[in-house]
Every structure is written in C-alpha cells, then in structure tokens.
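There are two complexes below, and they share subunit A, which is joined by subunit B in the first and by subunit C in the second.
What follows is the complex of A and B.
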C-alpha cells in the first residue's frame, strides 16, 4: 500500500539560502517601488522580492514558465502569497530588472505590495462548483482589468482588499474584505419530489434552513418536503445538503456587493463587510454594471479618505448616509437587516446627517 | 443517469455509484458493490456496521454521525477504514444503500 498520512513536505527544505541563513533575524524592510520589496537582515544580508499577479487558475505550462524564471534568477526558488500572487526572491539587486522583464513577457503585472489593490481572493464559480450563483474567474478578470492601475501603482491611502465568492457559502474572504462581490439567488428552490427521498436525508434538509422555511410534505403519501416560499430567502443551503432542491436560475441569479470589512487589528478592530448593493443581475462575460460600481466606490474612497484609512474606517468616519450619497448608490429596503441580530444594526441615536 | 449491472440485474446509480433506487437494495447488492472495491468476503463486522447504518437510517431518516457509528458498533475509525476501503461514508453507506453524503465533503 502507498504510504499515507505523511503531511506536506517540510517548508524549510524549500527556502532560498538567504532566507535559511537569516531566518528570524530580519531587521527591516522597504517597499522600493510597486511590486518590489527589500528585506535587510541583522547580518547585513539583503533579499529583494518581486511580486506579480496571477489568475490563480493556471495551467501546468504556466507554472513551468514561472519555474524557468526562478531557475534563471533565484536558484530555483519561488513562493505564492496568501492572495495567490507570485513572489520571486533574490539576494542580488542586479537580478531584479531581469525578473521583472521576464514576468512582464508572460503578461503578468508587477505590483500588489503596499497601498494598492492586490489580487482578488476568489472561488470556483461556473468552472467547478455546483452551487454557484455567479462565476468567479470571469468576474475577477473583469474587475482587475477595470482596476489594473491600482495594482501596478500606489493610488490609495491604504490597502484595499477585494474578494469574490460565487454563493453565500462565502468560501474565501468576502465577509472581511474592503470590497466584496457575492453570488446570490432570487428564486426559491424547485423540489423534485420523485427523487428527493432517495437522494436526501429529509431531517438534514429541514435542519439546513436558516429561516425554518422547509417542512415535511403536507400530503402523507409523498415522502418529500415543502418550501414555504414567503419564508425563503434563497440562500441555497438546502441544495447544498440535498441535490433534489436546485435553485440556480440564469435570470434570477446575480451578485450583491459588500463593503468595509478588514481582518487586521491596526487602528480599529477587524470588521465584517456590509451590504452596499443588494442585487445586480449576472451579465457575462464582462459584468459591466458590477465593475462600474466597484470602480466608482474605489474612486470616491481614494479621493475622500485620509492617509492609512481603510475603506471601512472611512465609512465609520463619514457615516453610512454620506457613503451612499457620495457613491450615488440607492439605499433600499433590502439594506435593512432582518435576521437574528438585526436590532444591533438599527440606529439607536438621534445623530445623523441630513 | 448511469446504471450498473450486478449479477445480471440492472440498478440505477449516480456518478459515484450510489444506489438511486433504495427499495431495490439486497445483501447481494452490498456484496457486489464491495467486490467492485476489492473486498470479496464480507465478514460479520462488515454486516454489523451495514445493518446498523440501515437501521439507523430507517429510524431517523439520516445517516449517523461518525462518532455515533463508532460508539454504537464498537468499531473504531481505524478499523472502519480497514473494513471499508473508502471509509464509512463512501464505502459503508454506499454498500448499505444509503443516499450519498452531501455538503462540503
């Protein structure tokens, strides 16, 4: 039998020599220009890092191309960041331009370090997942094309994180990003009564619904479930546990946009992102309505924020009514929370701006 | 929808080989499915686990949690994987004719 439970290879076996010999001894770092960093060690050693964007979903040929660059300039070493960017590191300053040149030849943008929009954390979409309400790769490419200059240049007062999830399972980081795009449905599931009992565990299906909309079929002879549609908010959780309750719908599916989340503890505590635009229908392949709203929010934020201020901190300072006024986004009934802890989100003060 | 032939009878299954017509399950179906995964003789413990799964499903409408399964049958998880090559969900439940496990598996 093949060996099992061996875990991943030890990362220490794959470190560049400069990192091994200076591990835990770094003194400071500098961002030299977009996409290029220098770390200086107590021993006096220097390490230059070039960061490039990647589409995350890549072919093996693509990985081999990156490996060739690593062989040429970095003794065969490279790494991927937690936002799927590629980093090539070298102790030799004179290698930096060569690395940049070769990465650009592959069509990869150099950037993503410092006060910019780095790569978009995203999911499977129509490429691979069965519960997607929108696509991931297509949306991400459209958004990054629109905001390209924010990746390769410093045009912001702080980092701005964007994430995309194709359903409200929210794989990834949409709930804690400055800008987030989430796939949502707007129609209730259609129950396949013939198949349900043989493909699903009925008690699990009933328990999966956050609003208690599912109950056993009222006709005792039908071994299936019923959805009380006035209680359903189309989360799709029942479909996740039961393949006989599909709800994807090309006309009803689309995305919602959330804003103002962050995970770091600098200045203010971490925050969840909150609803800015309740629904935009899917419009592949370029989702122009989505990209134009995101661009608008980024531009207003870039203009109006102060140094170091993350998007959520900016909104806290100016207030939500100013945010909606400045970005021209209409405030609708859907913006008002009506789930378990809704009261905490209501305004319990007379303070507001006209 | 795919179907498989087991000892001359045809059964509707999904793409992972889970039975789509639970009423058609017999011990021979379990034996034939086990054979496809390389287990030719089902022993007493195999049957203890599968009968427990079937009873539990009949009574509760769901498959038991792994913890409940191991506690009630006295077969620990390591032994479970020795008996059922792909584990309690993908082998034991499949051979016993239960619906395919769902969620983010």
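What follows is the complex of A and C.
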C-alpha cells in the first residue's frame, strides 16, 4: 500500500541558502535590465534573479537542461513563476552573465519582468482536452513569435498580460487579462438521441445550460433532450456533463478576443476583460488573423497610453468608442451584452465622444 | 522524405521556444509522445480536438488527482489510446532543488510520456500522458520520494500562493507557509471529493496579487496592512533628483488622493485614513515607500470563471485578519463555509453562485460574520428589502 496524504514536499527544503537566511527581511528590489532583477535585504545581502520564457509544455529533457544551469550557477536551486517562466537566482553578481548565456544557448528568451509582455497563461487545447474549441499551445507560440520583442525589451508604459483559453470554461486568467484569446463555438450541439440516456444524467444536462435552452425531448418515446437552438449560445457546458452532445465543428469553431482586464489593485480596482472581437475562425498552424489584431491593439495602446496605465485603464480613460475607432475594430451586435446583468453595461449618460 | 507533421513543423520556426520541439524531444524516446504528436497534427488538419469525452481513472485511496483521457483515433495512433494526466502537488512558491526535479523527471521517464506542463494554472506539476496501468506504480514511486498528488474533481484543489517573504519586500503575510499549512491540514478534502463542486484557495502576500487570487480562487487571501505606509524621505529626495515626476506619476495617480508632495522640500506625506493600499506608490518607489508594519490579510470570496451564472471576482468577506500559524481563525472560517455550502449548494454550483442564489445575508449568518460597509461598493438602490 502506497503512502497517502503526505502532501507536497516542504518548500523550506527547496529554498536557496540566501533566501532562507533573508526570508522576510527583503528591503527593496531593482529591475536592472530586461529579465534581470536584484533584491536587497536588510542584512545587506543581495539576490540576483534571471527570468526566462518557457513554452510551459516541456519535456523532461528541458527540465534537466535547466537543472544543469541551476547546478552550475545556483547551488542546485530554481523556481517557476505564476506565469510559467523560469527563474534562476544567485547571490553572486558575476554569475548573471553566465546564466543568461547558458539560457540563450538553450534558445530561451530573457525577459518578462517590468513593463513588458510576459509569458501567456494558457491551457490544454488540442494537446489534451476534449472540450477545446481551439488549440492553446499553437496560438501561444504564434502570438509570442509576433510579440517577441515586447517580452525581451521594455516597450510599454505598463505590464501587459495575455491569456489564452481553449474554451469558455476559461481555465486560467482569460477573464482578467489585458489581452485574452478564448476558443468559442458558433454552432449548437448535435444530440445523439440513441446514446444520451445511457451516457448522461438528463436532469444534470438540463441544469447545465445557462440560458435554459435544454429540455426533455417533446416526444415521450425518445428518452433524450432537445435543444431550443434560438436560445443556445454554444457555450458547450452541456457537452462537459454529457458526452452525447458534441458541438466541435471545424468551420464553426474559432476564437474571440477580450481586452482590458487586470487583477492587481494598483490605481484602479481589478477589472474583467471585455469583448473586442466576437469571432475569428481557427486558422492553424499560425492563426495570422488573430496575431495581427493583437499586434495592432498592442501598438495603438503603446502609442496612446500614459505612463503606468494598464490597457484597461487606458480604455476607461479614452472610452470604448475611442478604443474601437483607434483600433479599427468593427463594433457589432455581439458586443452588446444580453446575459443576466446586461443593463448595467448600457450607457446611461449623455457623456460620450463622437 | 516528407514530414508526417507538416503543420506542426511550422511551429518549430520563430524566436519563442517551441512546444513542438519539446514534444519531438520526447517522441525520440517515447512512443506515447510520438503518437501524441500525430494526434495533434491530425487536429491541426481537421480543426477539432481528437480526445474522447471524459475518462475516469485514478489511484487507490483517492477520488481525484488524475485526468483520464483517450484519443478518438486509436487505430491510427495506438500508443495515444490512453493519455492520462497526473497532477502532482508543487512545493509552495514553485521552489525546487534540482535533485527533487530530477527525481520527478526520472519517475516520469519510467512511467509516462516524458512530457509535462510546468505548471498547470492551479499550480500543479502536470505529468502529461500515461496508461492506466502505470498510474498506481507512478503514484507509489512519487510518494516514496516525497511528492503527493494534487486535486481534481469536486474537491479542494491544490492551493497556491505567491513567492511572498521568500523574495519580496512587500509581503504582508507568509504566503508560502500559509499555503503549505492549509494544503497539509486539508489533505482529506483535497484527495477525496465530497462537495457540490470544486473549491480553490490562493494567497497573494500583497494587493498586487501575483497569483491572481482575486480572479482564480473561491477563497482569496490577500496580504494588507492596517497602519500607515512607511516613507523614507531621503529616498524620496533621491527619486526626485533622478527625475521621477512624483507629482504627476505618483501623487496624481493615487486613487484615494491620500498623498501630498511638497516639491520645494521634496517631501512626500500621506494621510493614512485616505489610503486604499492599492500599492501604486510602493510599486513605483520601491526604495522609498513600504507597506505598514501592522500586517495581516483581507479575505475575499467567490472568484470563478463564467460557467454557469457569469464570471465573478472575489468580494470582501473579512477586511482584516491576523495571519499567524497555526492559522486557526482562517481554518475555522473555511470549515464553516464548507459546512454551509455542502449543505445548501446544488450539484455543480460554485460557492459564489450558492451565495448569489441564497443571499449574502444568510451566508454571513451561517459563517458568523457581521455585515459591514467594506463588503459592498455601495448599498442597494432598490427598496425590495426583507426583514
């Protein structure tokens, strides 16, 4: 019998010596250049951190490569960030260039600290998930190739967080990121009436629908459900609870782009990201329509924003009507909310720009 | 010879590190990784996923921790027929020794595809792709080496926290220790699902919220302080002399208008009662301004993604709580919340939705908290009031 309920290893056994001896004693930090920062302790000790991008989906050989660098320069310690980047830390300033050199030899970008675009928080996509309406890893690779210089250089007035989710379950941070790409369907599920009763719990299927589009089949002889298609907005949650309601569709599936979310409390409270582009069809392997719109938004924001202004704060200041005008993104009926709290999003003032 | 994966090969080009290269590295050694590559190429051609719905697999003694997965084209890619994911609970703050990481790699080389996610969004190490018969042996070896599984299903999911006092001068609470302690305390709730739905805990040690706890956790712990920010006037002068526009970039951006700057004397002052602890001035003048000394946390509740009733950000439940081991107050609050939710929550209803359906008023009574103005942006405007 295996041991159970031991929990994760004690993180204190994983900390580098400089961190153990200065735990809770840090005084300030400085960003020295893209991807490199220095923390200074009350004790006078210094800790240098080098941050590198990672594709998140990595082989054990990749991990071993990073371990080699950590053994060489960091006394066998390293960490990962909440955005899947790699951080190598050393108290020795002279080790920094060696770490950077070895990371670059592996083809890894140095950056992601400060006013830049850091790694993209993303999900499983076609690599591993059954409900994906798009791929995550391929989108992320395509976007980061396009916006690479924003990771390795300081070209923005504030941080810009990008997230990708492959369906509207929005695993990760799509609903609260400066820029977000989310996989969506645009066709209703195709109900498999023969298999539904044996594979699904019908009340759970009915309860899974946010718009009440699903009801018992009107023919009492058919032990299944029917979808009132005019009420269905293709969220796919019925498929999550019932394998007999698939809705993936090569032409109907694609992505939507949301903008202006954030989680930090700096200046303005946290914000949700909001719909900018309702639908772009999937176009693997490079999704060129998606990357070009994202790049356009980033460039307009970089040019028009004030210092320290996050993308959502910039839009709040200039107004959504200006955002759509400046980015040339068409405003459509899909942009207007029609779910539960829709009226709160309508403009109840005469204050607007032409 | 023409490549079997022309579409994915495109994604080996370009400057950002390529996940396709990573799959190919494992594919050289693992037939499973090789067939995974084939399944994904097929998805790129067909523009749909090739994973079958669901999959219920696991290890003895636990109800979660493994995500079962089967391809719908096993005849073409037999080694990808079973492609289960094992969630392994990461150490707090994602700190590792190379020895520990190499051990995980060796175990995964023996029992799986050699592919991982470092890390999943909730925080776990994701071991990506193995067969059902390898799950128990992999689990046995992982626990022998000090690693346990993370959470999945209608259970407490793997808690995670920011780097905290390990490497941040703004940490108001010991987020790595708190997360480690809560994870160990609630092992049963994590491994054996028994709730209406999932429940996530995240802790950020200051309002910058580096693990996005307010958006990605049902129970959100964010470090804060109750006294005044600490200003080092000599360091303020240094920022001024180096050309920082303190008036426009710091004082004018303060959401509480709590800062005043005397440009002549190069002196910055604060009215603590007006400070919203947003972190802006601290983040931009790291050498001159620090959080206060009377530290603790704000507890917020309800963060979740859109399904079913819309996305929520966590909202204030306890404005200030001391955060010291053994964290009895926080644990008691969690247990009261779980008791109420377990009793009243519907199938697949997140805590925010249960509170939304039954009312914050009743929830507060159930968890022994008094209503206070800090809980709302503004009082209700409608007159439909129950007494």
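Operating definition for what follows: the second predicted complex is superposed on the first by the 354 of 354 C-alpha atoms of A that agree within 3 Å, B and C clash if a C-alpha of one lies under 4 Å from a C-alpha of the other, contacts with A are read in each partner's own complex, and residues count from 1 in each chain.
Convention: a contact is a pair of C-beta atoms (placed from the backbone, for glycine too) under 8 Å apart; a residue touches a chain by one contact, two chains touch by 3 or more.
Treat the numbers as computed from the prediction; the structure is a model and nothing was measured.
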Next on the checklist: Contact-wise, after the overlay, does A:263 reach subunit B, subunit C, both or neither (first, second, both, neither)?
Outcome noted: second
Item to check | Which superposed partner A:285 touches (first subunit B, second subunit C, both, neither) | outcome: second
Item to check | subunit C versus subunit B, contacts on subunit A by residue | outcome: C
Next on the checklist: Between subunit B and subunit C, whom does A:241 touch in the aligned arrangement: first, second, both, or neither?
Outcome noted: both
Checklist entry - Counting only touches as set out at the top, which of subunit B and subunit C does A:348 meet: first, second, both, neither? => result neither
Next on the checklist: Per the contact definition in the header, classify A:169: touching subunit B only (first), subunit C only (second), both, or neither.
Outcome noted: both
Checklist entry - Between subunit B (first) and subunit C (second), which, if any, makes contact with A:204: first, second, both or neither? => result both
Item to check | Doubly contacted subunit A residues - partners subunit C and subunit B | outcome: 169, 204, 240-241, 243
Item to check | subunit C to subunit A touching residues, read off their complex | outcome: 7-8, 10-11, 13-20, 22-23, 25-26, 33, 36, 40, 43-44, 46-54, 59-62, 67, 69, 83, 85, 89-102, 104-105, 108-109, 114-119, 121, 128-129, 136, 139-140, 143-144, 146-148, 160, 162-163, 165-169, 171, 174, 176, 180, 183-184, 187-188, 191, 207-216, 249, 253, 255, 276-280, 283-284, 286-287, 305-311, 313, 346-348
Checklist entry - In the complex of these two chains, what residues of subunit B are touching subunit A? => result 14, 19-22, 57, 60-63, 99-100, 102-104
Checklist entry - Contact residues on subunit A for subunit C in the complex? => result 1-11, 13-15, 19, 23-24, 26-30, 39, 47, 49, 53-64, 67, 70-71, 76-82, 84, 89, 107-109, 121, 123, 125-132, 135, 137-138, 140-142, 144-145, 148, 151, 168-176, 204, 207-208, 210, 235, 237, 239-241, 243, 246, 248-251, 253, 263-268, 270, 272, 282, 284-286, 307-308, 339-341
Next on the checklist: If we count contacts the way the header does, which residues on subunit A are in touch with subunit B in the complex?
Outcome noted: 169, 195, 197-204, 240-243
